[in-house]
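Shared between the two complexes below is chain A, which has chain B as its partner in the first and chain C in the second.
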Partner chain A sequence: MSKKPGATQALHKVIMVGSGGVGKSALTLQFMYDEFVEDYEPTKADSYRKTVVLDAEEVQIDILDTAGQEDYAAIRDNYFRSGEGFLCVFSITEDDSFQATQEFREQILRVKNDDHIPFLLVGNKSDLQEKRKVNLAEAQARSQQWGVPYVETSAKTRENVDKVFFDLMREIRSRKIEDKSASNGRGKDRAKRKKKMCIIL
Partner chain B sequence: MGPPPVVTGISPKEGPPGTRVTLRGEFLGAKAQDLIGLTICGCECLLSAEWKSPNKIIARSGPGKGRGDIIVTTRNGGQGTSTVQFRGYHETIGPMKESAVWVEEAPMQSLVWGRRALSPTNYQQEDPLGLSVEGNDKKFPEDELIELFGDGSGELASEKFHPGWFLLQHHHATTLDDLKAGLAYLRRKVHSQKEGQLSFLKANVGSVMEQLDTIMLLKEQFESDVQKNGKDPTAKLEKAIKDSMAEADKLFHDVLARRDKADATRNALSLMQRYRFLFCMPVNIEKNIKGGNYELVINDYARVKNLFGNTELEVFKKVLNEIEVRIGKLRTVLRKKLEEMPVTLDEQKKIIRNLVNLAAEGDPAWDAIASHAHYLEKSVTACINEYLESENAGGDDSSKTPKSNGLTPTSVKQLRMQQNEENNVPPQVLCVEAICDVVTEQLPDLWRLGQSYFTGQLHVTVDIEKQIPFKSLVLSSMQHAVDAMKTACGTNLDASWLLHNLRRIRQTYASLIHLDLPSEALDIFGKYLFDLRLQCLVALFKQTADKITALHRKETWKIEYLNEHGGVTRLPGLFEEMVLEVSKLARETVIACGPRELPLLAHTSHQTLFHNAVKTLFTAFAKCLQQLAFSGSEEAMDDDESSVSQLIGSPVGYRTRDKQQGPTWEQCLLISLSNIRYTLNTIIPHVNDALKQHGYPPLSLTMSSNTDWTQLDTLDSAVLDAYLERRCDPLVGTIEPSMYLGGLEWHLDIEPSHVRPYVQEALTNLIAVHAEVRRVSPGLLKRVLSHIVETVAEELARLMSCVTRFSPSGAVQARVDITLLTSAVHSYITPRAGSFFEEALDAISEPVCKEDSQKVDALLRKVASSMRLQLACLADDSADGIILKGSDPNRATTV
Partner chain C sequence: MDFESPDVEKDFPGLYASESGRKSNESDFSDDGHDRPSKKELLIGKRKDKKDKKDRGYATLEGESSPEEDIETKSPSKSKKSKTFKFPSKKEKREKSREKDGKEKETDKERERKKKDKDDKDTDKEKRKDKDKEKSKQKLKDRKKGKHWEETVDIGEEQPIFGVALQMAVERGRCHDGVELPLVVRNCIDYIEEYGMTVDGLYKVSAVKSKVQHLRKLYNQREVVDMSEFDPMVATSLLILFLRELPEPILENGEVVSRFEQAASLKEVALRETQLIDLISQLPKCNKTLLAWVILHLDHLTAHEKTTKMNAQSIAMTLSPVLQMSHRLLLALLLHCKALFANVELSKYIPPLASGSPNLPDTMDAIAAELAKQESLLSQIHMQMNAGFVTKLREEQLWEVQRLITQLKRKYKTVQKLEGSTHKSLEEDLKLGDEGNLDISLHKAKIVPEEDNSYIKADYQPLPMAVVAHKESCSQSMDESNDQCDTPEVNEKLGMLPASKHVSQTKCIQEKLDASANELTPDEVVNRNSGETLQILKARQISLDSDEELRERLIYGELLAMQESLGSRIAEERGEIKRLAELLTNKDFERSKPIAVPCTPEEVDRVAIIELVLENQMLEKKKATLVRTIIEENIACVELRAQFLIQQLSDQDCMLAAKKI
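Now for the complex of A and B:
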């Protein structure tokens, strides 16, 4: 089944990024299995894939849940390369995680070599308003600066969980259509990117 | 078949062997047992799989390398698919690196068999750049490398070595400065290799020279050796080696030969042993059979069969044949033993097992069952025969009654004899006991044998078809036993012995019930038991009836005044007592239901039987009473004359009565009459109530169907008639002679001064009868006297009508006589008697003048006063009867 996923259905590859413990896995599991996992277990790199109906069209979503911990920073590049869209998650109860989003954004842009890559800034743990450290305005300001949407979610209450994934998939889809129409230009771009990489190495 | 499992999530998606992987998906099984297969990258991981929920499984990855599917197999969903993949990779494990599983540390050296350095640091491949690989633990994805470099390789020794691959693989995290340093290091190394040769020689010229010298020396030595030993110095060596080989072979062969010999000897010995065993077998069999060691024989036989079963040798065959013959004999012996009775169940089972082990033909177990059943039947028949024999013997001996039999022979009976103190136990009883013993001892064995046969405990192939014959076998043997008992009990037996039999058979029945026999079999017994109970019931009542008939011997004629009905003797009381006793006994023994018994008197025909039985009791009592009532008749006939004369004259008979021991017949009649009345009025309701209380069916049915079912009423009137006849006839007969005594005629003109003597006599006689009846039973006065008075009145009427002419004074006299008599007996005058008296008065001519009637009145007054006592005797005396009882008829006659 997984051998030719794209044969009949479109496949959108989503990558979860963000600091450790902000709830990337929680969001993923909530989206995938309607399940909220209380106990924290640091992720290394998890892979999920299922068929969803996006605007009356059956598509496959492939979620790569990455490690937030710094220990794994070195391998992030590899993962990022395969991503078509990113959910950059921070916890509204932890300012450090919000600050870290900047770094993630830069790394993604660098790896993807694309300023308009589908990207959502996600403020998780919105159910813990009383512990909020990152105020809404601050977050919104940053999202506007980047030119990306900002959504606050709660993996616990499932608030906006579906929304972030579907919004991102819609962006990926429109982006792909765009790419197709200008496939020549993109193709060149890809070749250029590859070349560039070779130069680095 | 449920939906196939799908794995849609994996955490983490890659890792070295042994990585703890969380699989998520759908339809992963409803419970842990549903999970029957799990492969990750083609590696079986079910062993480590931990089923958490239908959506989650935790497992550890296997040693698979590269990307692969995760396939879950469930009991209901079959083999599943996965939308995600796991990538397994192998890490280089160093001393500083933890690993969950054993990873082959040096794959290239592992090919070299033999010595290798033990320290793990030694075979850690040194980095050609002289750089630390620490920090490059995170692998660069292999597929990306393949994508980038095609079919290159990162291996230094590989022909397809690609430096880019190598760098990415090992140093993708190394900084550019470090890489530069590494390059410099590499260059230095290459340079030193290129420049090194000459300088090396220069530095070591001394030792090089020395080596050259040594080589020269070696050459010279070699050449001299060649001269000394010829061209081929190895020939000698070869020869020596050959020699030593031959020597070694010799030694070796020697040892081998010895071992072979030992083996051969051992084999021969064991063979001998075997032969000895075979040849001794017949003797051994004989011996063991004699000693009863059948198991041993069977064992040996099996062994012989095993060892020599398909031998071709004549000798062996001969011995085998002999053994077969003996075994055949044993089989027949065992078979005979099996049929020999009695044997215990265990022993029988043992024999059957032995026979089965000896591969006897046929079905020994079934034969055993059959012979057991046969034996049972035989022993029952033997019991019967014995009984018959003993009866005959008893008949020859002295009397025909089985009771007198003192010669009851043989074992079982003698045991019984000891229990019964008397020696005169009827043989029927003994026979029944013996049969019961036989049944209780052998039937359970037979049944158990059959049970074990059909449950396959006897090690024979169970023939289910035989269940029906077995059942019929059991049934027929039971039937036989029951028939035998019927024959034994059939002849007339005492009720007590019948009861004894009943008890015994009940015991047997109870023991059979415990056996779980089929109900048909039990019913055979139960039915007989029921019949026996009926028989017992009838016998009991019959016995009591006999006893009641014999009651007349116990009559003492002692009157006890119980109630207003007057005196009765103790006979009715005894009768009641006996009836109650027998009913109680019957209830306790016969009627009472044992386990699995039917209520005895439920059926109408059985009730009728019971009613008839009760009826016999009453009939017997009636007979007894009749006998008593008429017992004095012969005696009375003898002194009939004197009795009349006593009545006529001075009735001394009444006086002498006290002297006599027995009562007169008349008294007997009276007493019996009273007893009958008492029985009818009191005893029967009593008995009826008592029976009802004891749970017998009510007697009312029988009673209503026949008015005089006890025959007591008939007896009553018969006795009364007899009594009246005895008393009335003389009394009435004396009136006429007395009237004309002394030549008195009614036409004679004699001045009447008193009633005539005939009236006085009649009155006196009446008083005598009155007294007699009263003494026995005041309740009978009315019945007896009214009857007598009637007869007297009739006689008077007849006499008066016969008178041809009355003189005036005669008429007065007659009128006084009749009137006085009428007034004297007025309390006993029936309408019929009254009319007779009227007739008598009418026959007397009317008083001609007033004077005459006055004369009559005066005379009546006078006579009444003078005969006051007599008149008072006959007056209705319900109030002062007791006082009058003492009045002596003698005194009246003296007046």
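Now for the complex of A and C:
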């Protein structure tokens, strides 16, 4: 709290979710430090902050890398609640992880109570095409059903790593602007609602 | 807790006739911390009853400033007290089971609450309707409502630290360094130890009530408290207030207190001590810790008798009622405190680092300690959030603490790696000795000649700079003429030095490479070795029973070959080194004159040397790791070769068999 970002600098809170071993930490570390960690070490929870330039504007991104394992589900809600955008990651080489995204999505929607929360479906390990188990069409179908973008990444080759984070930040940003204008123009909002009611009547 | 009332009513039907309605009502909010003590009192017999009366005396004093608290904690006990003495026989049996039960209930309730919290989010409106319907659950609902409008909820009122069971106070207001004391107690003791020892009548003089109450509120609300703006009397009064508000005596309960009293009344000192030690060891952990800290702290007070005007007697007079023990018992505890709490030492509490603090610890131990504190803090935040106290501030804190933990973990890993590698290389140096070192440098020269070249370059880079600096200083301090005749010399020296060395080094590298090429063409080695071993194997093939033995033999043969080649290389390199050393001494001899002539400023030299040394250290480390990998690779090669040979052998056998057929 002592080191709050400048009032002008926006802060976007991103949360990584997905099953264990799909590469949430790998994506995060690649984005944060340009490093690829080969050996797997289950995460409990980790948080990072980075200043980035998003469309010529300096912003801060807070990334919370959560545990994929169910063991830590108890503390997950506390994090989900404070997230502003979610990267829901699965591994294209593991169908189970893809199936699990459904549950993560539901959990997030339940905690956030918001169907339009900034959200990206991310298929990681795109460098392992020969081991692919989840085909593109399948993943795209799900993302369309949810109304969210689908991106395939490789934490190893850094393919689309920046893209997913920046795309999500853009969504969060536009969402915030929306919310602001909604709360500022409450009068208008009410007028609209009243109109609607009239129509119903 | 609920199980008691039916039980009791069975034995004494109608006893609670007037009460039972109220009781069931009460159970609705029995998870409230205040409620437990009253029930406890219910079970503790006459003796406790007396104590409570004493207690209430203080409590009513308290009441002036906190009437609410008084009603909440004390009034239920008042109403039940009249009945408690009727079944003293049951108290002992129940006490323990009830305690366990209480704990279980606590966690159950936590879970329940969490669940409800979730539900709450989904069906907020319905719940509110429910609330109107079920007025009996009013209190529970109120809390939930509070949970929902996060910003207005007051953790200080819902989950206070003052006036709850000690264990709970410890959990809620934790010290994050592993000492199981409520933070408020720790802070008070720290503060008094630091600033109170010169105050006349410490603990006797009480502070302004409003200040103490203010601090009490801050602690209840988990605010960061800065005591430095208050005088030590506020700290003593706050500590006394905390102890007094504990629903149970610091010595667990009346029963245990009486055992302590008996022990303290023993005439024989040694026996008294052992008995007290024994009794203390039976206390719950948090009670033990609190007792130890308070008694040791009070003992420190007696050491400052001159300034505080408080000796053991006056301390006992002042504080025995607060600690719910007799004058004599407190004196005995003070007298024996060194033996009783031999393994406890008061230490000043250093809270977890605030986030954004630039100075993370550097050593592995310090990082690990800080990490433990932060983890403890994090789990406490989670606990508070899970209990429904979700505020923007707390959420932010959660992320920040998490971030700090991540930073610490990363730092820990890097430090570990660094220390690990230096440690390993040290070990290796020790193990291999001089020969090994030679070996290592050889390996490196062969495998990474490029690196070696860069090593040479890096080695000499700082030198020209130093010379430039040198020249400047020369020009400042010397005449122009002097300067002119000086620089060529220096330049000459410079030019000569790297050039000659470079040439000789690269030459030697080339030589080494040639040598290794001659020796180490892998195919050749394999062929040669396989030729030999095949012969051996053929000769002994019949006698070899197991594949395993065969493999071992092959590996042994490979290793012997490796040893041989390495030995020859070492010898070669030694010759080379000797040659180079001779070359160097010659050069040194030539150089010794020009070096002596110019007035080399020592500082410049020193800087250059330091840089070189640092550079060298870095390179040594790199070298060591490379050597390790080479050794590992070599071993792997040996294994593979052995496998290869076995394969070959079996193939041959097959061929032979096929031919025969």
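As a working rule, the second predicted complex is superposed on the first by the 180 of 201 C-alpha atoms of A that agree within 3 Å, B and C clash if a C-alpha of one lies under 4 Å from a C-alpha of the other, contacts with A are read in each partner's own complex, and residues count from 1 in each chain.
Everything below uses one rule, namely that a contact is a pair of C-beta atoms (placed from the backbone, for glycine too) under 8 Å apart; a residue touches a chain by one contact, two chains touch by 3 or more.
Just so you know, these numbers come straight off a predicted model, no measurement behind them.
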{"item": "First, second, both or neither for A:I75, with chain B first and chain C second", "value": "both"}
{"item": "Partner chain(s) touched by A:K131 [first = chain B, second = chain C, both, neither]", "value": "neither"}
{"item": "Which superposed partner A:K50 touches (first chain B, second chain C, both, neither)", "value": "first"}
{"item": "Partner chain(s) touched by A:Q60 [first = chain B, second = chain C, both, neither]", "value": "first"}
{"item": "Touched partner set for A:E35, first chain B, second chain C, both or neither", "value": "first"}
{"item": "Which of chain B and chain C A:H116 touches, first, second, both or neither", "value": "neither"}
{"item": "Shared chain A contacts, counted only where both chain B and chain C touch the same residue", "value": "1-2, 45-49, 62, 64, 74-75, 78"}
{"item": "Chain B contact footprint on chain A (complex, rising order)", "value": "1-2, 5, 25, 29, 32-33, 35, 43-51, 60, 62, 64-65, 72, 74-75, 78, 201"}
{"item": "Residue numbers on chain A that touch chain C, as the complex places them", "value": "1-3, 13, 45-49, 62, 64, 74-75, 77-79, 81-82, 110-111, 113"}
{"item": "Complex interface listing, chain B residues touching chain A", "value": "8-15, 22, 24, 55, 69, 81-85, 138, 140-141, 144, 164, 167-168, 173"}
{"item": "Residues of chain C that touch chain A when the two form their complex", "value": "118, 121-122, 354-356, 382, 385-386, 390, 393, 395-400, 402-403, 405-406, 409"}
